[in-house]
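When the chains are written out, they are named A, B, C and D in that same order, and each has its own residue count from 1.
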Amino acid sequence: MSAVPISYYLVLSAILFGLGVVAVVFKRNIITIFMSIELMLNAVNLAFVAFARAHNQLDGLVFVFFVIVVAAAEAAVGLAIVIMLAQNRESLNVERVNLLKL
Amino acid sequence: MLLLNHLWIILALPLAGAAINGLLGKLWPKSAVNSVAIGSVVLSFLAVAETVREFCNLAPSQIPFIGNYFTWMIAGEATPHPFRVDFALQVDQLTVVMLLVVTFVGMLIHIYSTGYMAHEGGYYRFFSYLNLFMFFMLTLVMAANLVVMFVGWEGVGLCSYLLIGFWFLKKSATDAGKKAFIVTRIGDFGFTIGILLVFATFGTVAFGEIFPLASQQSETVLTTICLLLFAGAVGKSAQLPLYVWLPDAMEGPTPVSALIHAATMVTAGVYMVARMSPLFSRAPVAMFVVAIVGAVTAFYSATIGLVQTDIKKVLAYSTVSQLGYMFLACGVGAYASGIFHLMTHAFFKGLLFLAAGSVIHAMGGEQDMMKMGGLRKKIPVTYWTMLIGTLAIAGIPGFAGFFSKDDILEAAEAGRYHHVVLFVLGLVGAGLTSFYMFRLVFLTFFGQPRYDEHKVHVHESPKNMTIPLMILAFLSIFGGWFAAPRLVGRMDYFEKFLAPVFASSPGGDVAPAAAEAGATPAMDLVHALTGWPVIVGILGLLVAWWFYIKNPEVPKRLAKNIHALYLLLLNKYYVDEIYAALIVRPLLWISTNVLWQVVDEGLIDGTVNGTATVARESGSQARKLQSGNTRSYAAWVIVGAVAFTALLFGILGVKR
Amino acid sequence: MSIPVILFFLCALVAVAGAVLLILAREPIHSALALVLVMSTLAILYLLLGAPFIAAVQVIVYAGAVMVLFVFVIMLLNAGSEERTNISRLAKPIGLPLGFVLLLAFAYFLWRSPVGGAIANGTGSSNDAADTVKLSEMLFRQYLFPFEATSILILIAILGALVLARKES
Amino acid sequence: MEFISQHPVLVAAVVKVLILLFIVMTALAYLSYAERKLIAHIQSRWGPYNVGAHGLLQPLADGIKFLFKEDVTPPASDRFIYTMAPFLALALGMSTIALIPFGPPSVRFPNGEEAFSVADLNLGLLFVFAITSLGVYGVALAGWSSNSKYSLLGSLRSSAQMVSYEVSLTISVVGVVLLAGTLNFNDLIQSQHGYWLHFIPRWNCFPQIVGFLCYFVAAIAETNRVPFDLPEGETEIVAGFHTEYSSFKFAMFFMAEYANMITVSCLATILFLGGWLSPLPDRWTWQIYLPGAGLLILAAYCAWDTVAEMRGIARLQFAVVTLIAGGAGLLCLIPAVAETIKGPFWFTTKILAILFFYIWMRATLPRFRYDQLMSFGWKLLLPVSLANLVITAAFIVFWPLLRHP
């Protein structure tokens, strides 16, 4: 029925991933950075599904499933941390959060 | 074979006693501490007795009997000669003698101490140290290789240090302890190098493996080894020039002086030389050095003993000189005689010290003989026992000292390495010995009391002190009779017993062979009884009598007439001062100005601080990278990712 | 130019546009919406790839739960437009170009990847029911242990979130 | 033109969507009318009465009013989102209905397309949930974008509430899915075909009664209806998330809410009440004439009303209503037609029943307090639905073992 080469999907996922990376560097709002990470995860998922389809194996889908679940858990904890951060530092700007420095 | 297979028990008992007393004794009453300390020593003496019994049933092939318990350290298994040290104990005739002496005398002195130390603080500490000393001494004696021996060697050194400084509030005591420790170290340095050289030469440190190989080694090597080892012996046994620590060691409690600094530890050097006899016997030069050092020390310290007024100092110098005799014996190849004298000396010198202790006890801590006198009636037991000890050390016929000293002098006169100088020195030394010993006795027990009778209440010591005195007195008389048969030209049992040990050393002992031949003309009763040693002994007695009983003002006049000599002797030839000037001060100066201010502060601290500074500086520079800024980190992560991708696909060219 | 191809390019365009919007938007909430857009389009792409189950899960979990959480937090913290601080001067000059380099590199290598030629015979709903059954089989048989591990992970996440969000008092 | 001939599927889909859209729009409009009327009667009022006979034209009037009122946009608001939110809400609310099968798949168009469902997906249920899970955005964004405290609080509440209850909503349904072993709506319905004791229908609401109740409660909360209408609690926060909205955007939220109601009612019908299956035993073949009969009775009532009650223009209107009802009734008496509309008839009836429940509850129950709401959702509803799920699974696993050891 369709005639979409897998490589299209892969390239799309690559582009999305790259954009996610760029976003992580570019954005200052910690929540947005978080979202960029989610974007990268999604890009990877797309690649997974595409490969799964290409090899006609479902393992890829299983992995996507796990990725999604883990992402959800990550979001839960991460956002809790973000809330704490916002309460303690009155700012969501990562550049104001540099406690990692000794 | 029960105990032979478990020799460690002999060691474990005193160690356990030391541990228990050291850890719990503080909380316990003295009776408990006593029972633990004495109990452990008595048990280990019984164990030794049982061991000896079993040992006597062994076939000659089984001797020396070696019990190997575990490999203590091993290095370089791959090499043909790995450095391997087993914790091994061995028993042969020599060991048996030492074991018996050490445990028995030790036992008596423990008992004596319960009386002598009764009113001292740190009671448990004292006995814990004493037991620990027993443990190390037994280790030293039973060791089957040089390293284990060295452990005991250093251990007894430690205990000696601890016990000399037992009254650690007294500065002189602590100083004496340090002195003993450090001076002994000088010798031990040589000893250590000797051990290393032994390993380098023979590829092993176990006696049983060394001795068979001894004959293959060149004489120079053996000489070097022996001299190095002898250096250790000199330090430990207080020979010239390292004897200086022993007189000061008298700062310690008298039982300690008796046990460690007369009977056992100081004789370790002699034991070691005897133990290494197969090596020494193949190094004539070393033998001669030993003999010379022994003889000179014997004479030298006897002269010092002439004028000392401190009762314990006199005994200390006499100890040094007696040790000199033992080395003389070893040096002339009469190891058996040396060990024999070691044993008898342990008896009568232990006795003398304990008796002196009893006197001091009676005088309430007074040690100056000039403040004594006329004690004969007041403390008869002490008097008689001390008299016996004196007769023994003076070599009066019939007493233990007579046999052993006679042996030695005779060996020095006719032994394998005999030399007239040695003989003369020994002989004169013997005369001096009997003189100053009787001087001691006369000053202490005869004449008018020179102390304030109202202040000092002289009283005989309690039973637990006098009974050991009596036992030792008995031994001082009959302990030497093993050798009695020689007087009638027969085999000396003691030497016969020890013969197997020294058989491997060529010409180690002429006596047995000669005795077997029975043709040595010197060996008949009359000649023995009228021999030079006896004569000088009696001479010394008479002179002392003349000086201190007949007309007591003679010594003073004499001191006036030859004042320089008197002062020289009184100040022990100014040796301490000379050492201080020649060694101590330069060392101090170097340590302060060079080692401390240049090397330590300059080089070492400089290096360390420099390292620290470099680290800190580089760190504070590198810190700038770690901005703590998430975005920068993200950027770095990307750098890494790009690099990795390039590596993966570009450079490595992974097949896609 | 069949319908799926058109659909693909449409979705791809929307997705990329959404990603770019995510970057350019000043307001976090706009970024969030852009991300939701991307995710929805990805779901459609999954459908095209014949993985409707994943598509549904994608929408339910990502768009429906995770992003809602994000929006919720953004509203809660009332996060305004981000301030333009420039504390880490390093990030942009290094990060952005390298990020694009990475993008290009990935795109290139994936384009060259062997499976690239394969045709995604994605059919909206061909045998996806069977696929779903198979998927569940794998999930609960072959990948049972990871599955359980993930459940524990989620439990931990819940606890962690609770602990973090609890008010000290 | 040839594109159409090439893709009949698309054409059919589009046609069906248009028809459905029209029906649903009207339904929404008259649902609001029905709500007002019912509540009025429960509270012993007349309710809308004047616009048309029995106020039947009220929805029309409301629609016109909404259309022509001024559309105020708060200046401080985020324009784009402010505008987008209501559309999003309505679109999501309506789009789910496209997946609902209103009748048996056996009834088909000439080109073989199913007549009563726009899209019959294998994973229909999953997709419905996917779409409903997005419903939060409408509310949340609306509240946030209109940049007012009340709206923000309302939207916070509602999004929190929706997220919380969505969990138990989904879980309470899984029991049914396990029993049926499919996610396809038609299969789910077919699996409920049959009777216990020859007259009790094998609907899931009997074995899954707990799940059913959980689902119902969660559904009410999901649609922000009384007693869970915290998002628009007039007493606390003026009108919740759509405080700032006016005119047609406001209307869209309203319609979205009704659309959601219809959706969840449809789901309840399909999952628990046997969808388009008839509650009566099949052997009662006369039941296919019930719709016609009902319509005729309605027509009769309208006729009597026309003659007895109505005056003036109203009488004319009611005559028209009578004629339509009667005609429809007669039409439904034709066997073929009756056979065709059997499914939709029962389906609609069930939906209407559930909607009636909704309105009834709104008229009677008070509102929860917020913390009560949350604790109820998390501490009671979720555990119960989980327990239901576990027990069901256990039953499915162990029942066969018990029966054939």
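As a convention for this text, a residue touches a chain if its C-beta (ideal position, glycine included) is under 8 Å from a C-beta of that chain, and two chains touch if they have at least 3 such contacts.
A quick note: this is a predicted structure, and the numbers were derived from the prediction, not measured.
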| item | value |
| --- | --- |
| Innermost chain, taking as reference the mean of every protein Cα atom displayed | A |
| Pair exhibiting more inter-chain C-beta contacts, A-B or A-C | A-C |
| Greatest separation from chain D - chain, by CA centre | B |
| Whole-Å gap separating chain A and chain B, where each centre is the average of the chain's CA atoms | 81 |
| Whole-Å separation of chain centres (CA-atom averages), chain A against chain C | 6 |
| Chain centre separation (chain C, chain D; CA means) in Å | 31 |
| Inter-centroid spacing, chain D versus chain B (mean Cα positions, whole Å) | 108 |
| Touching two or more other chains - residue numbers and ranges from chain B | 627, 629, 631, 634-635, 638, 641 |
| Per-residue multi-chain contacts in chain A, two or more chains | 21, 24-25, 28, 95, 98 |
| Residues within chain C bordering two or more other chains | 3, 53, 65, 69, 74, 76, 87-88, 91, 95, 99, 102, 106, 113 |
| All chain pairs that touch each other | A-B, A-C, B-C, C-D |
| Sites on chain A touched by chain B in the complex | 21, 24-25, 28, 30, 33, 94-95, 97-102 |
| Contacting residues of chain B [partner chain C, same complex] | 627, 629, 631-632, 634-635, 638-639, 641-642, 645-646, 649, 656 |
| Residues on chain C engaged by chain A in the complex (per definition of touch) | 2-5, 8, 12, 15-16, 19-20, 22-23, 28, 31-32, 35, 38-39, 42, 45-46, 48-51, 53-54, 57-58, 61-62, 65-67, 69-70, 73-74, 76-77, 79, 82-88, 91-92, 95-96, 99-100, 102-104, 106-107, 110-111, 113, 115-123, 131, 134-135, 138-139, 143, 146, 150, 153-154, 156-158, 160-161, 164-165 |
| Chain B residues within the chain A interface of the complex | 623, 626-631, 633-635, 638, 641 |
| Contacting residues of chain A [partner chain C, same complex] | 1-29, 31-32, 34-36, 38-39, 42, 45-47, 49-55, 58-59, 61-62, 64-66, 68-77, 79-84, 86, 92-93, 95-96, 98 |
